[in-house]
Each structure stands twice: as C-alpha cells, then as structure tokens.
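Per-chain numbering from 1; labels A, B, C and D assigned in written order.
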C-alpha cells in the first residue's frame, strides 16, 4: 500500500552532519519565483541531493526528461556545506493538488526541518499584483515579530498594497508550522505580475536571500535570463502599442 | 503526523470553571453577519481567549497581521464571565473547504460544547435574500420546537420566504449535532443581500442576541459602522439612479 | 469522533421480524421520480419508520421543517407488513456529494439489505431524456439477466435510446453491490425531461412497481399532482406558442 | 465495509503459471487509443479473463450491457499464453475520478505486476495534439534510458513537439511505480487529435506493440474500423469545405 507521503534520504546523507542548517524552500508557485531562486542557488553552489519526497497529493502524472525517460513527481532535498554555513534546499515539481494535502505536506516539510535541527527556514515565492512591475520589490513575512527588523535591513519591505491577504501553500503554511515547533521562518516574495515565469523578480529575491544567508552566488546567468525576458516583454508591449496606434489611425 | 483537527486550551482556562455556559458561534459566512456580531461582543465584553482550533479543513494559507507576521488559520474559543452569566464564544478565520470537513468540524464544535457542559448554543449567520434589504429582520431556527416561542418573543421571525431551504455549514450543522447530544441550540440569521459584509444586519442580530442571553453590550460602534455602510450604499444607489436618468435623457 | 456513516434502528424495530422482505430505494435523483414514488407508497401504505442513516457524505447543511426546527440530513428506513408481504423502504434527503461517498453509501445500503435478509431490491429513478415526454415509459435494468422477462411482462421496456449509458448513484450501484451479495435487484426508471420534478413519470413507475411487488396503492393523489403539473406545463407551452405567434405576426 | 480497491482472481487462474510475463495496460484515455489496442489484442488472441479490480475511485455508476443487465465498473485482468510467450492485459471501464485515486490505483496495478513476476510493462495511450493528424506517429516514453534504443528500432519516436509535458494517469504513473520496483516499463502513445475515438492512431500502436512483444495479431478488423472512421472524418471535412465555399459564394 502506497504511503500518502514518503520521505527517503540517500546513502550519501549518512556521512553528512548538518549543524544548525538553514532550510530554503522554493517549490512551484506564482511566477515560479521561488523555484527559480532555489534551483539557481542549488546549481550555482553545486549543492548535493540528499533525499526525495513522493506523495499522492502531487499531480497524478509522470515527468518526462528530454530523452523520454519518465519519473514520478517529486520534491527534492539538497544540502550545501561551506565551512560552518550549512544550507538545506527543498525544491520540486509540484505542490499539493488538494487543500488538505497542502496542510499535510507543509507539516511534513517542517517535521523534516525539525529532525535535521534546522534553525531557520526561508520560504520563497512570488507576490502576484496583476500587472507588469517595473521595479519589483521583495515583500516579507515572518513567523515571529522580532525577525522583521533584520529582514527589513536587507531591503525587504513589509508594505503590501492588498491588506490582510494571506500566503497560500507551502511558502505560507511552513511559517505557521515552524512557529509551532519553535523554528524561525521568513517568507520572501518577489513582486510579479502573476501571469509569467518571472526571472526579473527572482533576481531581486536572490540578492536579498544570499545577503541574509551569507553566501555568495554569482547572479550572472539569472540576470541574463531576466534581461532576455525583459526584452521579450518589451517587444510584446511595443508590438501592442504599434498595433493600437495603427488601429487609431485606421479609425481616425 | 498532523491531526485533522487539533483543539488546545490555554493555561488560563484551567482556573476557569464555566457553570452552565452558553456558547455563541460566529464563524465566517453570508454577509459575515455572525462573525461581526460574535467578534463585536468579544471585544465589548472583553472576553478572554481560552483556546484554539486548527484543522486541515481550513483554507491552506497563513494569515498575515498588519506587521507581516504570519500564523496558521484558526478558530478561537473565548470565555466571558459576569456573576452567574457564563458565555463561551467560537469565532475564527474559516469554515471548512470540503463538504465532509463541514460535518467533522461541526461535530467537533459540539463535542467541545458537551465537554464544557454548555446548556445552550446560539449559532449566528446571515440569511441571503439576493437584494438590498431596508429593514433586515432576524430569522430563527431551533433544534427543538419548544424553543421557538421564547425566540419569537425576542422579536425573531420564523417566516422564511424561501420554503424548505436549509442552513449550510457550522451554523446549521451544530443545531443538528447539538440535538443528538441533548443540547438546546438556536440559529439567528440576519437578513442580508449576500453580496456585502453587512453590519446593518449584524446590529439587529446583536440586539436580539444580547436580549436573549441577558448581557448588556453597547452597540454604538457597530451602529456607527452600519451607518457608514448605509451611507456608502445610498451613495452607490443614488449614483446608479442618476446614471440611469442620464441614459434615459440621452435616449429620449 | 463522528462516523462516516451511522445506521441506527428504532426501538420499535426490535419486535418486527421481516421475512423475505423486499427493499424499495427512492432517494433523490433525476426528476425526483424515485423519491416521489417511494415516499408516496410509504404515505399511502402507512409504513412505519424503523431507522435512520446519517453520513458525512451528505450535503453539509441542516433541513428546516415548516416551523423552523432543524435536523441533520438523513436517509430513512421504513417497514410495511401486510400478511406475508414485507417491504422495507429507503428514502431520504440526499445522496452523496462525492464520488467515493456514492460507493461507500451504496455498499452500506446493500449491507443493510443483507442483514435484514432482503430477497429482492427495487431501486427507483428518473431516466433523463432532455425534452418533455408525452407518454413516459418505464425503463428497466436488472442485476441478473433472468430477471428481465418478469419485469418486461409488467410493462417495463429495456429499450434505451442512448446506448451504453450507465445509471449513476445509489439506484445503479446498489444493483452492482446486490449482485456481489447474491441479492436480486431491479432498477425502474421513469422517462422524464430531467428539468422538473416529474409526478407524471412517477405515476407510471408506481403502477409498474405496485404490480411487481403485489401491493395495492391508491394512485389518486399522485395522479392529481401529475394532472396539476401537466396543466401547468401545458400552460407554459401554450404561453410560449402564443408568444411565438405574436413574434411571427410582428415580423410578418 | 467496502475496500478502496479490491483485486480478485478467478478460479481458472490457479492452474496458470505465468513465466516472465509482460503486462499490457490499455485503460480509457485520450482518443481511447490504449483501450482500443489492448481490447483488440485480447479479442484477437482470445486471451482469458483471470481477474477483476473494483474501486471506489471509479465513476460512481453501473455499466449496462445491451440487455439492460447492470454491473459495477471494473478493471479486468486477462492472460494469454502461447509457448513461452506469456502476456497479461489490464483493461477496464474507468481510471480514477480523483487525483489521489490515480496514485493509489497505479501503485496497485504495479503491485499486481510485481506479484505476478512481470518482467516488462507496456502502457498504452493517446498523445493529444489538438488537431487532426494525417500520419499519426507512435511516441514513446521509458522508465529506464537503456530501453529507448530497442523501442526506437521498432519505429517509435521520442520527439515530442510539446517540451516537458508529462503523461497523466495510469499510463504514466505505472512507469514511475514500476521503476521503483525494478520492473522495466514502456509507454506507447499514438498521436491523435484528442477529440475523437481514434482507431487510426490505434492501428499504428498495435503494429509497433505486436512487433515489440513478438506476437502476431491480424489487424484487419481494426484497420477496417480505422478506414470507416477516416471516411467519416473526410466526409465531415469535405462537408465543411463545401459549406465554406457556399458561404463565400453567397458573400461574394
């Protein structure tokens, strides 16, 4: 009988000894901002994969790689170690497809964090505003008021335009479950339209996060992706402007 | 492993001894009428928070306060004591997101009531009529026919325009589960359009409820909110009237 | 903790000894045909209520009677006895709101039938055809080919216009679960538009069913209801005809 | 109490001894391609039914045969044996109606395969492209990169137009669960519009599959069905062309 959630650690993890690690969560979500940041850090830091999570709450499909090899949807755990800086990453293909599954998975993620003695969690996401944003800010949320000052000093704002809105899914719920277990947790959300994968927003989140965590990550490739995207969007916007002018001329 | 529903009482509740308390439920619902009334009473009576309920059936998100501090969605239990008048309140962020969850939560709420020897339950809600109501009535339902007369004497009507309609969610199901446990339960519903948060409807429910329960609650602030809302709606309606006149002039 | 399904028998049932009873199921469904027939028989035969079924799979609301007294949604079991003719009835407020719940409830219904040594089950329903039907037929389905001849002799047709369509919900699934337990089961479906409660269709199902079961039920009141409905529909159709003529006159 | 999934083997299977069998899955899906191929093979090879699977995750209805006899929805297991060529088939009425059910059923299917010492699984399906396809290709996916070459040699392509898309349901998930149990698994998908039952696409999948499995299946009847379908579609397309011409003439 299949388990609702199955967590498995790799052999290589047995010789690792994370000391006071932080955990960075970057699962899929608005604008894929969190996913872009966390996967980019894993790649640039050459973090090592240490475990996998399977669940019946993920979308019921297999993922195909470029060679047509299929695998079950997963969330992955990575570990990066440099001196006394220990970082765990939680990334993956999906979040839950059901409401109850969101709770059960987020609780499991934080249970993993507790087992690995994580001292702080950063959850990453996009903050959808419904329109293109020229200078996307990084918006923060914390699970303990005392954490706010440190985060603001790193350039994060706590001014949300939409009062009282919540944070849906793992990036939000992990803050709540972490509080219940006495683990500090911070959510960093890059402003984004919500319509497109948004590397521009991700670059800002990356800058803030690496500063807060105290690691150096070369942002060149993410910046390049963001520039490409920016040009593509400018092209689209310009195209639309021209078309509208034409229409006006035609009408006029 | 996370529990489907977790109920926890605060330390302060250990020294409380509710005697024949009544329970007032005001969870979110149509026009937020029940929520407005119960939370207003808690505030005005300075009731003390004594416990919390978490559940995987709530919406899968965290709630942010004005400072960006996140917390899990909750239902809250409050206690108010004045002489031999003991009142418990059940309020909170959400009801269930699933059908089955509605049953499981409502059963749990009534189990709490039974454990605390509640002798009567008042559930509060809005009664959506689909149009603005000038003089919103308070409509009642009971879980034992003998309760009706007392409620009618307090100005509650049992005349519903829509025959045979039910009461969805906790405000309704708690009546059913309370009957099965021998607890009297009364639902008070303020007529409301169903489109807007409705403090006008709430003021009427508050008046009836405080009379029935025998506590004095100064309605000034709720009335003020209702007046503001009323003016805002009058403005909208007048604006629409003027626009229609203009259109008629234009056509004519 | 609430049970997913709870079956309870009344005290009065302890002195009843159903011998080879048949079970007639008439839960809500297309055109409310099955519900109309079964509840009419219960009323006319003065059958006695012997038990109740509650479930978290029903719609999460309470049902209000004409006096504003609320009760949990239920399915009800009735018993009728006349000489050696023993009949059980299964009626109620709702079927399941979820797919899985349909299976779990239908299995429970047939388990009840097995416990009470039911020798044959009749499930009742409407057969939606999407348009008004002048002379609605009664369409049959069986859970054992040998049952067909007897049913056809009673005037039931097995000619469906839509090939291969199934029967959704309890009226269908009970046939399947009954077969697995060696209980004969027959579904009788009255043709109906599917848009309206249909007492006309119900009168035909009643006629066939009472003949098959061998009880006499005075159809006067159901016929009267059907006549009323027929006139109401004729009025609607005539009104529409007149309006169309008017439009044609106007255009012409 | 009903089981979520119930697997039962027939008596006749006790004397069968499948040796290194392959399992061919052809459950309903896009264009019914997999179902058409697997059921056609079962028919042509005269494979023997050896077991049945029932589940609360199937659609909650009974299936009626042409005589009005109802049965519960099922998945069926068939066995074909010719010399040392042993083949199991998994076909049926439905896949899961819920996301979680897809996982639980696919895991069960592969558990059956493991119990019967299946050495290779072929899952069949349609690959929806959203438009009519003149020469539908067979697109492959594997659960181990080493399997690809053999499949390509049989004429299967791994070139998908839509990058990164997954395979939803049993045909996909079984590849993932099989990998976890060390069983080789290959998915063969016939290109199809996705709008119609597609025997044309099925003939191509059949040709590739029989070659890979090493059995001879006379494709005459499936080809005939495909030709009929092709003519019917040509008729539709031609009819639409004529209509458009007419409209142009009319406008012109």
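Criterion: a contact is a pair of C-beta atoms (placed from the backbone, for glycine too) under 8 Å apart; a residue touches a chain by one contact, two chains touch by 3 or more.
If you're wondering where the values come from, they're calculated on a predicted model, not measured in any experiment.
Residue numbering at the subunit B/subunit C interface overlaps only partly, since under half of the positions present are found in both copies.
With angles rounded to a multiple of 5, the C-alpha fit of subunit A against subunit B returns 90 degrees of rotation.
Look at where the CA atoms of subunit C average out and do the same for subunit D: the two points lie 37 Å apart. With centres defined as mean CA coordinates, subunit D is found 53 Å away from subunit B. Annotation for subunit D: no residues touch two or more other chains.
Only residues 1-2, 56-64, 66-72, 97-98, 101 of subunit B touch subunit A when the two sit together in their complex. Per the touch definition, subunit A reaches subunit B in the complex via residues 96, 99-100, 102-104, 106-107, 140-145, 148, 158, 160, 163-169, 172-173, 175-177, 179-180, 187.
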